[in-house]
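Shared between the two complexes below is subunit A, which has subunit B as its partner in the first and subunit C in the second.
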Partner chain A sequence: MITKEEIIQKTNEALKKEFELTDAQLVPTARLKDDLGLDSLDAVDMIVVLEQQFGVVLRQGYDMRSMVTLNDLYNFIEHLAQEHKA
Partner chain B sequence: MYWLRTVFNTLVYGTGAIVWLMISAVAARPWIKTGAQVRKLVYWQSRGILFFMRLCAKSWRVEPAPRPQGPAVVAANHASSLDLYCVAALGFNNVMYITKGWVFRLPFFRFVMKRAGYIDAETTPPDEMLTRCRRAAEAGCDIVVFPQGSRRNPQGRFKSGAFYLAEKLNMPVIPVAIGGTGQMLAPGSVWLHPSDIVLKSLPPIRPDEFSGPLVHLEMARRTKSVIMQFLQGETL
Partner chain C sequence: MRDTSGKVVITGMGAVSPFGAGVEALWNGLAAGTGCMHTVPELEALPMVKTKVAATVPEMDFSYIPRQARRSMSRMAFYAYAAAQEALRQAGYTTPPDGLGFFMGSTLNSISVWLKITAQCQANHLELIKTSDFLQIMNHSPLATVAQALKINGPSVGAAGACATGLMNLGLGYMAVKSGWLKQALCGGTEEYHPMFSACFDVMQATSYNFNDAPSQACRPFDKDRTGLVASEGCGLLFLEREEDARARGAVILGEIIGFASNTDTENIAYPSAATLQACMQAALDDAHLQPRQVDVLNAHATGTLIGDIAESRAAYQVFGPHIRTNSLKGALGHSMGASGALETIACVQMLQKQFLLPTQNLHEPDERCGALDYITSGTAGKADIILKNSFAIGGNNCSLLLRRVP
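Let's look at the complex of A and B:
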């Protein structure tokens, strides 16, 4: 079972590599659009990147409008990981 | 001496450039009927602005590379509002700009932007943008974008939207390196500083060079990389 810390670390690694974000930007309260500058196409790319990173399908049940901050994204992946385990 | 020249550049050449933009637009207005004619006018206006920029510059170098057959997506780095005019120096004479919405709200400019058919990146839905770019390409237009989206961060990420268009329309991307314009006219400044200007188009990058679900991201990264490598080489 993947831990929350591992989810945060892997997500941040992927976002740094693909979207040229820095550690200073990647705080849980960072807003995806306003603080990290991720637009709607970036959001789609981000999902593909995270699917590759975690090896799971994130597209089902994913709603960008409910994903405001980075913490929302971590929680969503954690929720999927728990569902996957169950 | 540096500031004396800056003041002279701003008062004489800056004013000259603004007067040129206005007179050329007013003089051409009776003959301008179609979007293609407006785009041709913008090209000649850009050539005029480049003339004034050249007078302001300490040194001036333009290096166009052989371009691929057919229309292309022209992707340039962005450090100054002067960059809009720089693509004309490299032989792109029929272009469709995709720009931020605020440019469409500028007095004087907004008339030209709308008549030329340029695309507002912020309000145009993705499907409509794709359709309009396809039509523009069929009419022989190159699509010009500044993927960093802002002049404030010259090292900023290249957003992948333009490369998504290139992938969907199967068009090559021509990376364009623009050096020195950020020193000549910095964002938020009105002073035209003397600086070394270099404008270079680089070999095209094609969608079929990449594979997988994130071709547009790979293209964006490669384009930024070749432009930044060239510009870093210029400052060594």
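Let's look at the complex of A and C:
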């Protein structure tokens, strides 16, 4: 099973590349919209990118409005990973 | 009732071409006549494709475009963004004026992005297509994304007419401003090269193939040794407005558009008829209330194809007789397709400003079938007040535009 650290590392790697972000910006408390500058179009592209990165379907349980911080995103992916395992 | 009596002038120009970024680079490259054509590895790897040469925009860093604008832009939109900024700056604007119209199109959309999406489709992975990829292949993608990025908030209306696209959009912008529908318009065309263009024209026997070892000599409009065109790319945009508005705000007037015409050749989708080209040029003269003898220079479409150059030169002879000074810029620039009409109009405006007539590069001995026009074969200082610019497209779309020098 994928660990939380691996989720964070793989998520950050994908976001850095897709949205031209830096390591310094990618702290768990960073707000996707206000701190990282990701808008609604970025949010939908982000799911496509993360699905490719993790090889799992994320879009079905994904509620953009509930995803405020990077940590919310990590937790969402972790939750799906646990469900997938169960 | 709208006032249609005003003159339409050009107050800004922007270019990205195989000679680099900017109008100055375009002029310097055209004046030097060499340096932008090169062999293409993808074509060299295809034995069945005879042409091996193209002219492409040098590698440029567009990372200065904000990411959220850039994410939805294909390469041809990058070119358009840079050209639009240059044209706006020259017109005296740091941001577009309110209500600015935007007329721009291309022959095709980004083939490289299409291929990326097609690969995902073929692999049955439609779910991997990003929204920002889709936005890059919309028919009006460069128009929409550049308008969004620069906040151009007037009508954005992109006409697509293959190789006549640039001049067609200039004509539409001219009519929109002339009619009083718009106060100002940014107009032209953009295109990005892909080897597919060369391969498709090659099948049509319309490419240059006998100078693959000397790329700078490959495109030879009107020359007896020509075999066809050299595909290229870029973007040209011109800022148009009423003369009285330009003078009122102290803008520098670069030139004037005094007439435009367009018609459609329905005889054949790919092979132009001299009669229809003649009618198009004559209609532009009529639009400007000019006699043929008042035109100093014909800036021909002349791509260097066997049939097209003959048809255009014969049509020009019928309109102007043998004394019209004639040049084609494609010998140096290649055929930038949807961008060509606008890029070459920019060069025409510069010829009028500088009173220097650019040569038809590689025209050493005119094909006797190309009539007895007064071909300009070397750069020449000379008086010229009016230029007629032609653009003709596969599909039968013909356009002619008349430019006048503003002292």
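Quick note on the criterion: the second predicted complex is superposed on the first by the 86 of 86 C-alpha atoms of A that agree within 3 Å, B and C clash if a C-alpha of one lies under 4 Å from a C-alpha of the other, contacts with A are read in each partner's own complex, and residues count from 1 in each chain.
Quick note on the criterion: contacts are C-beta pairs under 8 Å (C-beta built on N, C-alpha and C of every residue); 3 or more make two chains touch, one makes a residue touch a chain.
Note that the structure is a prediction, hence the values are computed from the model and not measured.
> Figure out whether A:Asp72 sits in contact with subunit B (first) or subunit C (second), or with both, or with neither.
Neither partner.
> What is the contact status of A:Glu20 with respect to subunit B (first) and subunit C (second): first, second, both, or neither?
In the superposed model, A:Glu20 contacts both subunit B and subunit C.
> Does the superposition put A:Val49 against subunit B (first), subunit C (second), both, or neither?
A:Val49: touches subunit B and subunit C.
> Contacts for A:Asp35 in the overlay, against subunit B (first) and subunit C (second): which applies, first, second, both or neither?
In the superposed model, A:Asp35 contacts neither subunit B nor subunit C.
> So which bits of subunit A does subunit B touch that subunit C touches too?
The answer is residues 19-20, 37, 39, 41-42, 45, 48-49 of subunit A.
> If we count contacts the way the header does, which residues on subunit A are in touch with subunit C in the complex?
Touch list, subunit A to subunit C: 19-20, 37, 39, 41-42, 44-45, 48-49, 51-52.
> Provide the residue numbers of subunit B that touch subunit A in the complex, in ascending order.
For this pair, the touching residues of subunit B are 126, 156-157, 159-161, 164, 213-214, 216-217.
> Under the stated contact criterion, what part of subunit A meets subunit B in this complex?
These residues of subunit A touch subunit B: 18-20, 37, 39-42, 45, 48-49.
> Which stretch or stretches of subunit C touch subunit A in the complex?
It comes out as residues 67-68, 71-72, 127-132.
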